[in-house]
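Both complexes shown next keep subunit A, but they swap its partner, so subunit B is in the first and subunit C is in the second.
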Partner chain A sequence: MIKREWIHAWLLLAPALLLLFAFTHLPAVQTVFDSFWSTPRGRRPAVFVGLDNYQRMLADPIFIKAMVNNAIYALITIPASIALALSMALFVSGKIRGRGTLRMAYFTPTVLPLIAVANIWLFFYLPGFGLFDQIRGLFGFGPINWVGQPTTALYAITAVTIWNQAGFFMIFFLAALQTIPESLREAAALEGASRWTIFWRITWPLIMPTTLFVSVNATINAFRMVDHVFIMTQGGPNNASILLLYYIYDQGFRFWDTAYAATLTVVMVAILCVVGIGQFFLLDRRVHYR
Partner chain B sequence: MTTTALAQDRSSSVSLSSRLETDRILFVVGAWALALVWLLPLLYAVWTAVHPSAYETRFDLLAPLTLDNFVQAWNAAPFARYFLNTILLVTMILVAQLVLCTLAGFAFARLEFPGKNFLFTLVLLQLLVMPDILIVRNYATMSALGLVDTILAIGLPYFASGFAIFLLRQTFKTIPKELDEAARIEGCSLLGLMWRVYVPLAKPTMLAFGLVSVSHHWNNFIWPLIITSSAETRPLTVGLSIFATTDSGVQWSIINAATLITSGPLLIGFLLFQRQFVQSFMRAGIK
Partner chain C sequence: MSGIHVSELSKRWGDVHAVHDVSFEVEPGTLTVLLGPSGCGKSTTLRLIAGLDDVSSGTIQIGGRDVTNAPPAEHGVAMVFQSYALFPHLSVRENIIFGLKVRRVDAAERDRRLKRASELLNLSELLDRRPNQLSGGQQQRVALGRAIVAEAPVCLMDEPLSNLDAKLRADMRVEIRALQQRLGLTMVYVTHDQVEAMTMADTIVVMNQGRIEQIASPRELYTRPATTFCARFIGTPPMNLIPSEHVHGHEELPPGSAIGVRAEDLHLDSAGVPATVESVEYLGADELITARIGAAKVVVRQPARADTPSGTVGLAWSPGVAHVFGPDGKRLEEAQGI
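Now for the complex of A and B:
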């Protein structure tokens, strides 16, 4: 009897787990193996090279650049997206006229493909004619090639990411705000507490689990959201806006150096695992795992 | 600590009502300013797309309206084919995900078997290490399977979604066990039980996941870019990127029109079913 239940369970799981192993777990393990071998070229098969790929990586200035850029990208997008998402949620959670319109405005970027919005933003950044330069022109400033110069390219990309994901994170904060009893805020308001005081003393501590949950998602996104780089800068100029996943693509599919791309992927997987372990220790498991 | 803060607040309550009024105005102005900034890129794209290219950077309320840019964009690339590919892709992925993940989610929620916790941990691992990142190895797998440049290859890595399995397991767990005991006494098989009792009760979750999945795969870019190489398989996002980058002579108004064409269906769907969309994302994110 019990045996039959086991067989049923395994049969139900088989198709999903088979695909999961084939395209997630197995490739992750194989990638680690690949990183110790050379890239097969033409008739030359792959040979075991030990840690050569890793030595090359640590000496590779573009890899270092990609890591530094990705760190900057993460350190800006994570807090900025959270702050904006939370402000949006606070704006539309209370009584405000045109709540539906506001919520729609905040959320709309989320449903647009990142690759499509990259085109729109590229036009914003157009030197001389784009919106930013037109506004600067009103104050007598000269044109700036926002995506075409090394000092601003990365930040031009960062702004698009924040714009694209903040509305999505707003949703989680909205849900969290709804769980806070209205009586708490009312009581504080009766005591004469300002919006600011109510926020820091009541709202912020109560939504902490959501903030952590959103932070984890924002961190993962900081390594995954690179679609717009393809359209806006292609990692340039002179690798000024290169990010880790884009570099993996570059090595794997433009130079077809699959072994080196695998080595870079190992770094990526390691980073995500660290994020996962961090999540495990930081988040109260009862809150999201139930 | 709290009491002293409140006491300080009370001592300054002389100007309380006027302060609350400024507070309120700042709040409303902030909300609308942010909304304007957030909508601006889209409004700008619409503006340029419906006016002749001469008005790309010149704001004139009386500028003549035109749909010419859309026509030109539509004719400049095989967008009809791209649309078909994208629709096939998202439908295929969603159907596969719902079937496979319902089966797996049910097993995790209701059956006992050795290795259950270990296997579930492996499933959750996919929330972190997604196929999006393992592009190099997955490309090798696809070429070994002879599937490069097929729509199936774009979708295959996403069929077993750890997220969907997790969501459905959570939903199934909330269904009272008495229901399936009753059904089993009536002679229902395991699959019959799942289909008649569990699937109907999980419909809201499935709808929520469906919206998230469709919008995610409609917008997905890197993996389709890598695995496709012909117009017959390319989804909209890849088609748009090729259209916007290869031909540097293309006018902005036409590129913006193409951009709107690409995101149009999702955008219209969102505006029509806004409430369901937001609630679905909320439900999918919180469970």
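Now for the complex of A and C:
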């Protein structure tokens, strides 16, 4: 009897398992595997090259540039998105007029596809005529080619990412803020706590689980959100705004160097794993789960 | 010592008149209970005194100082919330001294107050726990502890016992009252439970639909209710209201008047007002006899040893125990001594 049940169980699980293995686990393992082999070209089949791809990577100045850029991109977008999202959430969770409209307005950037957002922002950044240069013009400053010059290209992209994801994160913070009973803030206010104190001593610790969740998402996004790079800079000028995932795309699908792309992918997944796990352990000790 | 002086206080939420022209006084060192059914404006009144909501009109003085528009911290009150409002991420110790830290009371003084409060409330063993590791009664004590260490002259409590079981509620009732008297606190205590009000209060303020019905001591409230609302809200079973046209000697009262007699003041007497027995409820020592006089329902309490009546009986009461209420529900003073 028990055996029959097991057979049934496996039969029922089989389709899902098959799909999971075929489309998730197998490609992942295949990627790691590929990174130790050379790229097959023409009639030349792939040969085992050991760590050659990794050595090439470490000596690749564009890879180093992409890593540095991605680090800067992450270090700015993560805290800035969280801070912006939390400020917006705090603002619209209060008793203010037109609260619903404001929440909508803050959330709108998130529902737009990043490609569309990039096009809108390209317009903002347009040298001479764009929104930013119009404003600068009012104060008598000259035009700047925001996305076209190496010193600002990366930051131009960074700003778009923050603008795009902050509204999404705000929703999580808004939900978290609403789970905190009003009486906690009232009790603290009666004790003479300022709004500042109430925020840091009560609100902030209580929304810590949400902050953790959001920061993990922001980290993943920092390696994943590159759509706008395609539209705005293509990683240029002179690789000034190249990010890791964009570089992987370049290697894999423009130069068809699949083995090298696999190697880069392994590195990216490894980084994401380390960061994600690290964040959980680091913050877990300071998080209070109710 | 600081008393509270509330005068012509009103609070509107849009169209809802939550508190309507409420005035009362709390003497220093006494316990005043705000009593009334759910939704009558007790919590709102308390929150106005604490400064947590803005008043629509009227004034509030605490310790002789007008605090009507002052922020909550300047009202000089401690408050125990119905939900306790303990900070879930802080230990019991941190919860209790939260306010002292905010006010930058020095560490030695903080420890002294914490020690005193935790001994007073048997919390010493629990100081390192989180609120979610405490029972309801223990959480209640922590909330009390937080109110005590503030050493505010005025303490406000909003239905602090409503989340506890009956046994614990009876214990805490006594404990809070003892604490209030020992520390000489001026306390305003909100409840919908008449037993809590009767056992704890120096003064009871009975509220109904945002207005005050009566301000009196528990004894006076029971023996001389000012309105039919108070008469029926205080006491179990509620006071019987017999339409005056059924009672001899009251024909001169305006129509709609009522004679109020408590169940324990009624007895069966064939010479009394005729009534039809409907049911008898046995309570052990006593029994409650439900009868009808015309359309009005009347409950009589009598010792269970007496014969259980049935059919038509007469109901009588001794002179001096009846209360007379006019058609507007207000007590008619001149009719005393019937």
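Here is the rule we go by: the second predicted complex is superposed on the first by the 265 of 290 C-alpha atoms of A that agree within 3 Å, B and C clash if a C-alpha of one lies under 4 Å from a C-alpha of the other, contacts with A are read in each partner's own complex, and residues count from 1 in each chain.
In this text, contacts are C-beta pairs under 8 Å (C-beta built on N, C-alpha and C of every residue); 3 or more make two chains touch, one makes a residue touch a chain.
Please read these numbers as outputs of a predicted model, since none were measured by experiment.
In the superposed model, A:75 makes contact with neither subunit B nor subunit C. By the touch criterion defined above, A:100 reaches subunit B but does not reach subunit C. Looking at the shared chain after the overlay, A:192 reaches both subunit B and subunit C. Residue contacts after overlaying the shared chain place A:205 against subunit C, while subunit B stays out of touching range. Ranking subunit B and subunit C by residues of subunit A touched puts B first.
In the superposition on chain A, A:9 contacts subunit B only, with no contact to subunit C.
By the touch criterion stated above, A:183 is placed in contact with subunit C alone, subunit B being left untouched.
In the superposed model, A:51 makes contact with neither subunit B nor subunit C.
For the contact definition in use here, the residues of subunit A common to its subunit B contact set and its subunit C contact set are 191-193, 197, 201, 288, 290. Taken together, the subunit A residues at the contact with subunit B in this complex read 2, 5-6, 8-10, 12-13, 15-20, 22-25, 27-28, 30-31, 34, 84, 87-88, 91-92, 96-98, 100-117, 119-121, 123-124, 126, 129-131, 134, 163, 166-168, 171-172, 174-175, 191-195, 197, 201, 220, 223-224, 226-227, 230-231, 245, 248-249, 252-253, 258, 261-262, 265, 268-269, 272-273, 275-276, 288, 290.
On the subunit A side of its complex with subunit C, the touching residues are 181, 183-184, 186-193, 197, 201-202, 205-206, 288, 290. Residues 2, 5-6, 9-10, 13, 16, 19-20, 23, 27-28, 30-32, 34-36, 38-42, 44-45, 48, 56-57, 100-101, 103-104, 106-108, 111-114, 116, 119, 122-123, 125-126, 128-141, 156-157, 159-160, 162, 165, 170, 190, 215, 218-219, 221-222, 225-226, 236-237, 240-241, 244-245, 252, 255-256, 258-259, 262-263, 266-267, 270-271, 274, 277-278, 281-282, 285-287 of subunit B are the ones that touch subunit A when the two sit in their complex.
Taken in their complex, subunit C has these residues touching subunit A: 50-52, 71-73, 75, 77-79, 81, 83, 85, 87-89, 98-99, 102-103, 132, 146, 150.
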